[in-house]
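Each structure below appears as structure tokens.
Look at the two complexes coming up: chain A is in both, with chain B in one and chain C in the other.
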Partner chain A sequence: MSLVNAERQRALVRSERQPASRLESRAVWYVFLIPSLLGILLFTVYPLIESLRLSFTKGVEERYVGGANYAEVLASETFWYAVYNTVYITTFQLLIAIPIGFLIACLINGLRRGSNFFKVLFYIPNATSMIAAATVFLAILHPDGPLNYIVQLLGFEKIVWLSQPVSAKWGAVVLSVWHWLGFVIIINLANLQAIPIEYYEASSIDGATRLQQWWWITVPNMLGSLTLLLVLGWIGGLQRFADAFMLGGLQGSPARSLHTVVGFIFERGFGGNEYGIASAASYILFFFILLFTYLNTKLLKMKI
Partner chain B sequence: MFMFKKKFQALRSPLMLLLLLSFLLSACSGKEGGVSSSDSNGQAATAASGTAAGAAGEGPSGKLKVQMIGDFATEQKTDAITGITSKGVNVLKEEFERMYPGAEVEFVLMGWDNYNEKTQTMLQSGAADVYQVPGLATFVEQGLLEPLQPYIDKDSFDTSIYLNGQVDGWRAMGPEDQQPEIYSLPYIGDARLIVYDKQLFDDWGVEYLSEKPSIEEVLEKAAKMTGKNPKTGEQNYGLTYNGTDAADTVMNISESKGGQWGTGFLWKDMSLEFNSDTMIEAAELLKEANQYAPEGVLVNQGSENFLTDKNNIAIHLRAAPGFINIIETFGTQDRYQAALLFTNPELGMGGMFAGSPFAIGQNSKNKDLAWEWLKFSSSEFFQKYMWEEQRSQSMPVIKAAADWDSVKALPQMDIILKQMSQLWAPRYPYRSGQPRYILSENVQRILLGELTAKEALQRAQSESESWLKSQ
Partner chain C sequence: MHDRKHKWKTMDAATTILLAAVGLIMIYPFIWMISVSLEQTANLALPFPPRLIPEQFAWFNYKLVFENNALFLAYWNSAVVAFFSVMLGVASALLGGYAFSRGSFKGKRLLYFIVLATMMIPFETRLIPMFTMFNDLGMINTKYPLILPSLINALGLVLAKQFFDQLPEGLRESAKIDGAGEFKTFFYIFVPLTGPITATVAILAFQDSWNSFIWPLVVINDQDLRTVPLFLSNFSAENGGRLAGITMALAAMSILPILLVFLFFQKYIIRSVALSGLKGE
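Right, the complex of A and B next:
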């Protein structure tokens, strides 16, 4: 065999083998995915299915009761009070944190020096675990704590924050705003820095003031991130547990004023071993979140 | 070289696959997670078969796995706050193995987080022989624990060595039982007590609480000690209580008026007395007590300095016996004294039963040896170890403890042991489910002034009855 022929033969073999080796190569990478896929199947998909099954059962013997658990949860005053508390705290959290976070982000974005310092300063609470933050807030919201010191400095009567239902809820609102504000600022800052500088330059040439630029250029360009924050805020807010649990205990004391939907699930599941009820409430919460997210994205015309 | 490279390329994919599979298999095999099996020298204990070990001694032998919940350690450890060094549970292992040659003890030590769920899983899989089961009733109901009466009868085991009511307090009902039976033996004692600050009583010139105070006595003295302290001038409060467990205090006051929580043990047989006249009266009395308490009492705020030398509250209606460790840490042993909870005059019981017992798993592979461990836990050796080395999480449960010098040295212990001898037995079964939370919520509504005692307790009764019907 001539050298030329031999080379042709090798080239032919290579060309035949290439697709197969590519397949092998791809297969190897899929093999690497197996641990993650197994993890998802075992720790996410299986519990989801098991929880759905449990939601149709009652008692330690897990006897089938059909939709009775769902009916019981939906007929429970405690559940609807937990829904009310959850929505109440989340609504005020979003109403306060998103506009304030946006304004602070605009101010930080306008700084020529020291912006990194303020970014870190505002983001630190968000990096802190909610458990630690809530523990600190137990001291801040203490009848003789620093918040009441400020309240009294302003000439008002001191508030026993966590001892009255309404002020306890507002204690949770203050905590959640403080904890979430850094996240709102960072998301807004990312969007602010993505607005093309040319818009501002062109408007300056046209004689627009800083306020006009903010209202007509900045705000419209921020709608995407603001709606995203609203959607994420609702999802996180409906799932809230740690802050309310830390401030109000298992039952959301006083008189269940800090009892949230996840608190309801936790109490029934782990406080009373009613896994059927807890599972049914979990699925109801899932549908709540689905509905809220759908409505938010539709109303805000958000593309996801 | 070229040939080798070519071969290697051809083998690369299968090799990587093999490597990955071996990694997965090694990850799956693992060690016995969470099981601490070491001897006193910290070396891994070798597995000994039951028959081989049994040949060495006369009594039961073999391997025994004991699950314990709490702040236990196998080896000696030092508390980061108090600096107190305590011996590990290996002390128990060594003594038990000395008593039963051929026996080998392994511990499964776990924290209090989700202990019921972990215990349930262990019981179902037969992961241990002996279990610490403070959430006993649920497991007994499922038939997961071994009834102990046959073992007690076989050995003529004398349960009167325990403080009064400690064995009865843990009675529970299995699937076939007609009445609560013994499925466990106590080994950790607990209770709630009235604790008071003698210094504040002295400052105000008020006579100390009697050993068995009535609620009226407490209210009368608390009223006298609420206001500006005549000696220090600081604001004092007459009393405090555990606000998040206010319902338990109402129940306890009701007991002193002759009331009781209700009757029955299983949900289907249970009858509650949340809206009885004594409960209404008790709730009104606690509401009256509220005016002598710090403003944050409902959420346990304002009493942080109780047991320290900066305290400004005279009486705590619901303190845990671990207060003796706290006053030792703060050096205030001479300042605080305990009094008994309110007692039902007819039944001689009062206050919620608490603590931890040991039980034998239905799936245990070595029930005879497990029973020996249960008996061992009632021995003075075991109970003294718990008292001397694990005091922060345990009180003795045997009568003999009253004669120990270390117990006699603490003036508060006399009351603590008396209190543990009069707790309500069997435990309030309504606390295992929603009635506990329903009552608690409604008692808080009374204390907040949202509802009258009658309205709130009627609401608690009807909601709880409705829940009971759905079970």
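Right, the complex of A and C next:
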């Protein structure tokens, strides 16, 4: 009787203690996560919710105005012009940088010696800050800069790059292609190296030429990474600010042709203290980014 | 067979020459930047036609930059901010990555999903509340807003988690048998093994911090607290194309630390860029 009792008591103690100690050992993991969770709460979750709240308010007294800010942003010509500029610069940036980066990566990948040297060489611009890069490009795009020297060598008239809306945007395209190309090359190289070598060996036995191998093996196997670059390029491109700001200032001169979506958020938020408008615009940007990501992944049937 | 080998060699040579030519174009802006910064007459007008080697060498642009207190201050500010950002970012990434790799706790999958999701949210959506929050805390024009957000380092955490995933579970079991708790196991057994991944996470955090622009632009107005990119952008906005020599010397000086770090650790950086891209970050 007493033995059974003791047994039962022991079992009871065990069943009481075990969950407690398990709980304790689980609680320790939350301690490991304190810095990250604190960071997420303070610098992601709270700002995200607060931004949404602000987007429905106006003025310093934060008066609730419903969707008025969204309506105002969506009806604003300045905003749509900023969207146009952003999309324009990004479209050409991607159209130029992705194919060129892909070709350069293929060439580097085919090298038996010196591939690491070229990897580093091409990546250097991407490692430096956009501010330093843009500072140099302000001089390159200067009427007496190297770009115009080439233009004149080719027999064309000198272009005052940053004084005309279209040429100013192309100045930004050139800068962003140059700054981003190294990233495209590195991503492509990583994926090129992931293509199973057996594919090439098998096709070699069948007598395929290098060019045939490239077209029938390399290109199809790289479609996934090219899509990924398209998605990443759009996400980064829609958020562009530093390059356009450096070339065109706060207003995106000339004639707002370098005014970007983030430039709009920045100008209204911190230039005009219109937190509501700026927050609404930032949520619209968020929506654009989600939409582009979704469309890209759907259109090209890619898994992220 | 021999003929084929020969063909390979010429193809390699041709490719190398082509790549070197394109690479020269890529790197030309930097070469030209240094050339202009060393040119005697560059402060009056840009040297035309553009040349690779200055016609008349002059060091005075660098001398002016060195003697300028403001640049030294900007360097100091950037260095302090980068140092603490890197420390915070690495600590939080290693701790978090370890918990997600080895821990079993409630909500693990959901929390990990949230960490991944934070990478998708554009910074601009959080910009204004982040500003008002630090403003309410009286931290505008201090280094805190530049440092504290490094607490969340999602990419670093993911990279660290994957690194820990590869380590054998036996390591933990043997430490546990010796009676070590989770923290002891983490600090004494696992952290010493994290050299390569710590380097990668630290370098990425350093690059982010050193190159960061829009956030410092928002929270720093005080001239003495400007970071290097703020200083450079102010200078070039104020002087336009007038002081090309000094501007290029400044740009070169601002690139130098990040370039040295990159050249020293390029293996880690290139691998982490590739990894982050493969993940779709």
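FYI, the second predicted complex is superposed on the first by the 278 of 304 C-alpha atoms of A that agree within 3 Å, B and C clash if a C-alpha of one lies under 4 Å from a C-alpha of the other, contacts with A are read in each partner's own complex, and residues count from 1 in each chain.
Definition applied: contacts are C-beta pairs under 8 Å (C-beta built on N, C-alpha and C of every residue); 3 or more make two chains touch, one makes a residue touch a chain.
Just so it is clear, the model here is predicted, and its values are computed rather than measured.
With the two structures aligned on chain A, chain B clashes with chain C. Of the two partner chains, chain C is the only one that A:39 touches; chain B does not reach it.
When the two complexes are overlaid on their common chain A, residue A:164 makes contact with chain B while staying clear of chain C. When the shared chain is aligned, chain B comes close enough to touch A:272, but chain C does not.
Shared-chain residue A:28: touches chain B and chain C both. Of the two partner chains placed by superposition, chain B and chain C are both touched by A:142. Applying the stated contact rule after C-alpha superposition, one finds that A:254 touches chain B and leaves chain C untouched. Legend: residue contacts after superposition of the two complexes on their common chain; A:239 is shown touching chain C, with no touch to chain B.
Residue contacts after overlaying the shared chain place A:122 against chain C, while chain B stays out of touching range. More residues of chain A lie in touch with C than with the remaining chain of the pair chain B and chain C. Annotation: chain B segment clashing with chain C after superposition, chosen from 77-85, 95-103, 329-337 or 419-427, is 77-85. Overlaid on A, the two complexes show chain B and chain C touching the same residues of chain A, namely 25, 27-28, 31-32, 34-35, 138, 142, 144, 249, 270.
By the touch criterion stated above, chain A contacts chain B in their complex at residues 24-25, 27-28, 31-32, 34-35, 58-61, 68, 72, 78, 138, 142-144, 160, 162-165, 168, 247-251, 253-256, 267-268, 270-274. Interface of chain A with chain C (complex): residues 25-40, 42-44, 46-48, 50-51, 54, 104, 107-108, 110-114, 118-125, 127-133, 135-140, 142, 144-146, 149, 178, 181-183, 186-187, 189-191, 225, 228-229, 231-232, 235, 238-239, 241-242, 245-246, 249, 262, 265-266, 269-270, 275, 278-279, 282-283, 285-286, 289-290, 293, 304.
Those residues of chain C that touch chain A in the shared complex are 8, 11-12, 15-16, 18-19, 22-23, 26-30, 32-33, 36, 45-46, 48-50, 88, 91-93, 95-96, 98-99, 103-106, 108, 111, 114-115, 118, 120-133, 148-153, 157, 181-183, 186, 207, 210-211, 213-214, 218, 228-229, 232-233, 236-237, 241, 244, 247-248, 250-251, 254-255, 258-259, 262-263, 266, 269-270, 273-275, 277-278, 280.
On the chain B side of its complex with chain A, the touching residues are 13, 16-17, 20, 24, 27, 114, 116-117, 138, 141-142, 243-244, 294-299, 301-302, 432-434, 436-437, 440-441, 444-445, 447-448, 450, 470-471.
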